[in-house]
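Two complexes come next, and they have one chain in common, chain A, joined by chain B in the first and chain C in the second.
This part shows the complex of A and B:
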């Protein structure tokens, strides 16, 4: 009874903010905001040209948007949708990652073969690190000591020491690496390769390749099976991998690396994000211009929500 | 009133007995849609997904799309099967015996309809159970909501069979029914492909499909399986059912109908 009263008091004290998924539409130069409760688009906010990567600050008071064709990272007030200011990002920023210190943005500059580190407080570039050709995927380890850039043409994962801001390792992966994530508390690094059709798993301590996951969607030509974005469940036992133009999301056992299921979603599925309790997964489907909602427990697509043209990145605003 | 219910019970029991004793008929009725589901749909699998059309909320595979159409197929074939057995009854003389009952003719024919629909519905649920095991699962509420839709569609298609049976002079003519009624009704409907797909090749074909009462019945079943009402489809199915029933009553009226011409 006490617990019930306490939870009721907490519920009454907490403002009823609707949980939202923010989706960048790269052809419309907009963000579509989806209400997680109603699964409907509630707002469309204009951005710079070709918005792709999107992430929130730790306290969710700012949202960072890679406006690739405007050659800038925009900082927006999520309450008002107003652009507060731009950050110097280097040319053609595509993906980025916010360091756990909530201050440094690591940005992949696709056209310049560099990774730019930007201080979001002083709004200055504090380092530019030469990496392979066409850098794309970005990740930072949970302890903030390692940053990863994947380069699409060099087919490598570049390991950056965030203190010295220098490369300390380069590891080969399959063709066109797109996305990277640290998994299992930072012990493993997963890198997806779009053309190679695989996810390569590295042991972070040794930077040695540990395993490789391949995908095969029944009835779909292997050329169309192109892993891009992926996310793991709260317990990190299951991974969901977007398979691009195969229009499927793979469900992978993150402990055995076996593919357990494939879920049909919209056309050319690219990136994804969970809601806050990780019961729903939202995938951006570029060609069909929608976001598919997956019931995580049932591993079933339950709804596809029309957004703008070519949705690309997605981020949760709790 | 008691006599009417006795007649209903007798007719339903007779149909049920006939159904139980003809196991082959039950298996055949089940195998037909299953072959479509597991063989035909496999060929058109649409691994990349079909575009979203109501009542679907997201992308689906072809197997999922054709399940409501195959439910309709069971009802359609059973309606026609019932028409075949009516012709058989007429040739054997048991129809004359039935129609000489003092009860109103419309009631007797309606009882026949109820009996054949009950058996059709049973077959549809068996098919849905196999489809569920095959991995095509609808929302739980949909399995309940589809019952009234199946009854309405079953009565409409049964009434069509009844009307046709008054037209058929001999058992041998049943092949004509297959060619001129079942196949066009089934293929010119949304059972196998959505209307927008039909419109891609011909708007005329799309319009014919849209006007086909079987399309309406299939769409009513499709929506009901997802626990959603489709009032226009229900309205058109009921209207078509009433029309076919009136035609059947007229056909079976010895004073005016087709039976008179047969002498």
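This part shows the complex of A and C:
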């Protein structure tokens, strides 16, 4: 309660909310809010159990949080930090993606081998699609026609037609796929494989594999180089890839697929997000319990910000 | 449970839809159990489940089937259990006639009786119960793989952890049973390998009921050990070991079969996505997953992974793939797990656990290897006398 009052007071004190990064702390059941200007944590907001995936509605009036162990997606008012309501999400929601229609959430139910589609307006489940075991990575194409679920133990990207809500393709990738993104206007799909140590790139039109990116960090055994989350710069020429327990972020040329650089960050780097002009990148480092701030142009880590225990997801609130 | 019904219906659709460009494949695996009479133990607190191992194979089957549904690959698991003194060989022959894929829950001697059958010549047999290092050494077989870590791997994991803590002076209590002695042998060998010293050894020879008088007997029993940092207990049948901790003459931590224990798996492993495997196992069986369950799961999944990647159910192709550097199994222990091409042992991290937590996981940081740090655990290529894989 005290924390809630404090956070309310802070919110009121800063009416024109500065740009913020919201970080879910998987083992603290909280969100740490980082002020992009000062690079300080300005408030800590309680959530349901084991918060992981986090995303904002298009107008940023709502924030959706996967409270995995509470088996729900929470809808929070980012101004007050209050939970407005819960969405039916299926069991153990881990990660989700908001359809470009700003209405349908595609949720990976990790314990249930299911992708759940929830209508955030009617607050009902409108479809459940069987996918492989331990679904995790979620993506939706920019035109909204294709949704992707990757399954960690089945080692596939499952391609969902968002109109029929049925699978139309299943493509194998290397072990433990974790994250998926549509790239280059939706022409390519990138899928990271944590244990396989690669990113597989698919041609979306044919669902055929067109390239694979491998990583090699000097002084780190290849087994520990485990790609998880990744994001691309505004021009989509450069990708930043979190490499898990190697404690590095790789900088990849998104046109040639060459790895150009490695940046040392905190321990077990997991997901990441940019600020709005994409000049700063914020990575969640699970084991060290902090967020590394990267200067995108200089490709250098400039600060570590202590957050809660096991930070997992990150989202920008401009 | 309407949701379950919906899921079942959807599942059928998925199976049909995904079949666009697939080759239908079918793979049957037999889980063969030789029941073994166990010697009595002092405490009955922890009964051994009848379906130990088999439950892991069932979970692996489910995992394989889910993946297979998208590829047109299907799997079946047959189980056979032979009572003590029963005709294991007949059961093995019958299983091998049906399918060359065998997951074997049996002691080392029985494992070799089966691998050496003419019917097993082109089979792929997975040992999930016999930790005997000799099966990875001179007694290896070309058709025999091991998903359970050897005694040597477990001992090496423990010695790395102790060496890292600089707990280098060790005392050792060994039980009277063959598995106790074999584990003690592995501990001695590993102590030499990693530069630790066993300063004293005693054999457990009580026949008292320790629940009543451990507090009187154990201090005296451990009084004449030279000073040591850690007391090792080799009690693989879990007879007396649980009564040692806190009853020792000197206040020393206990490790080995009790206390800090190197294991293939334990309910306390939760990192690297392991929590998901644990909860799936618990949902299936209502109990916690144990090392033999894990080994059986890994065996069935290894076969599934090989079928998925090769699109084949031919044992020769699967064997070649499993032994190749293309093979990797995500075994929920943080590193890709593969098979040693010189003796068929699955490389894997070994968690060192107490009842409540993972203390550390081997390979411990700092123990290096030119190939993979996982090969610091157990028999490395130059020291294994296995010739069947050459």
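Definition applied: the second predicted complex is superposed on the first by the 301 of 318 C-alpha atoms of A that agree within 3 Å, B and C clash if a C-alpha of one lies under 4 Å from a C-alpha of the other, contacts with A are read in each partner's own complex, and residues count from 1 in each chain.
Simple rule for what comes next: contacts are C-beta pairs under 8 Å (C-beta built on N, C-alpha and C of every residue); 3 or more make two chains touch, one makes a residue touch a chain.
All values derive from a computational prediction rather than experimental measurement.
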item	value
Touched partner set for A:220, first chain B, second chain C, both or neither	first
Which partner, chain B or chain C, touches more chain A residues	C
Touching partner for A:129 - first (chain B), second (chain C), both, neither	second
Which superposed partner A:265 touches (first chain B, second chain C, both, neither)	first
Chain B versus chain C as contact partner of A:52, first or second or both or neither	neither
Partner chain in contact with A:111 - chain B first, chain C second, else both or neither	second
Which superposed partner A:280 touches (first chain B, second chain C, both, neither)	neither
Contacts of A:152 with chain B and chain C, given as first, second, both or neither	second
A:304 touches, of chain B and chain C: first, second, both or neither?	first
Partner chain(s) touched by A:172 [first = chain B, second = chain C, both, neither]	second
Common interface residues of chain A - those touching chain B in one complex and chain C in the other	224
Chain A partner contacts - residues on chain C that touch it in the complex	3, 6-7, 10-11, 13-14, 17-18, 20, 63, 66-67, 70-71, 273, 276, 279-280, 308-309, 328-330, 334-336, 372-374
Chain C-touching residues of chain A, taken from the complex the two chains share	110-111, 113-114, 128-130, 132-134, 152-156, 158, 166-170, 172, 174-176, 194-197, 221, 223-224, 245
Residue ranges of chain B touching chain A (in the complex, touch as defined)	45, 47-49, 52, 57-61
List of chain A residues in touch with chain B within their complex	217-220, 224, 246-247, 264-267, 288, 292-293, 301-304
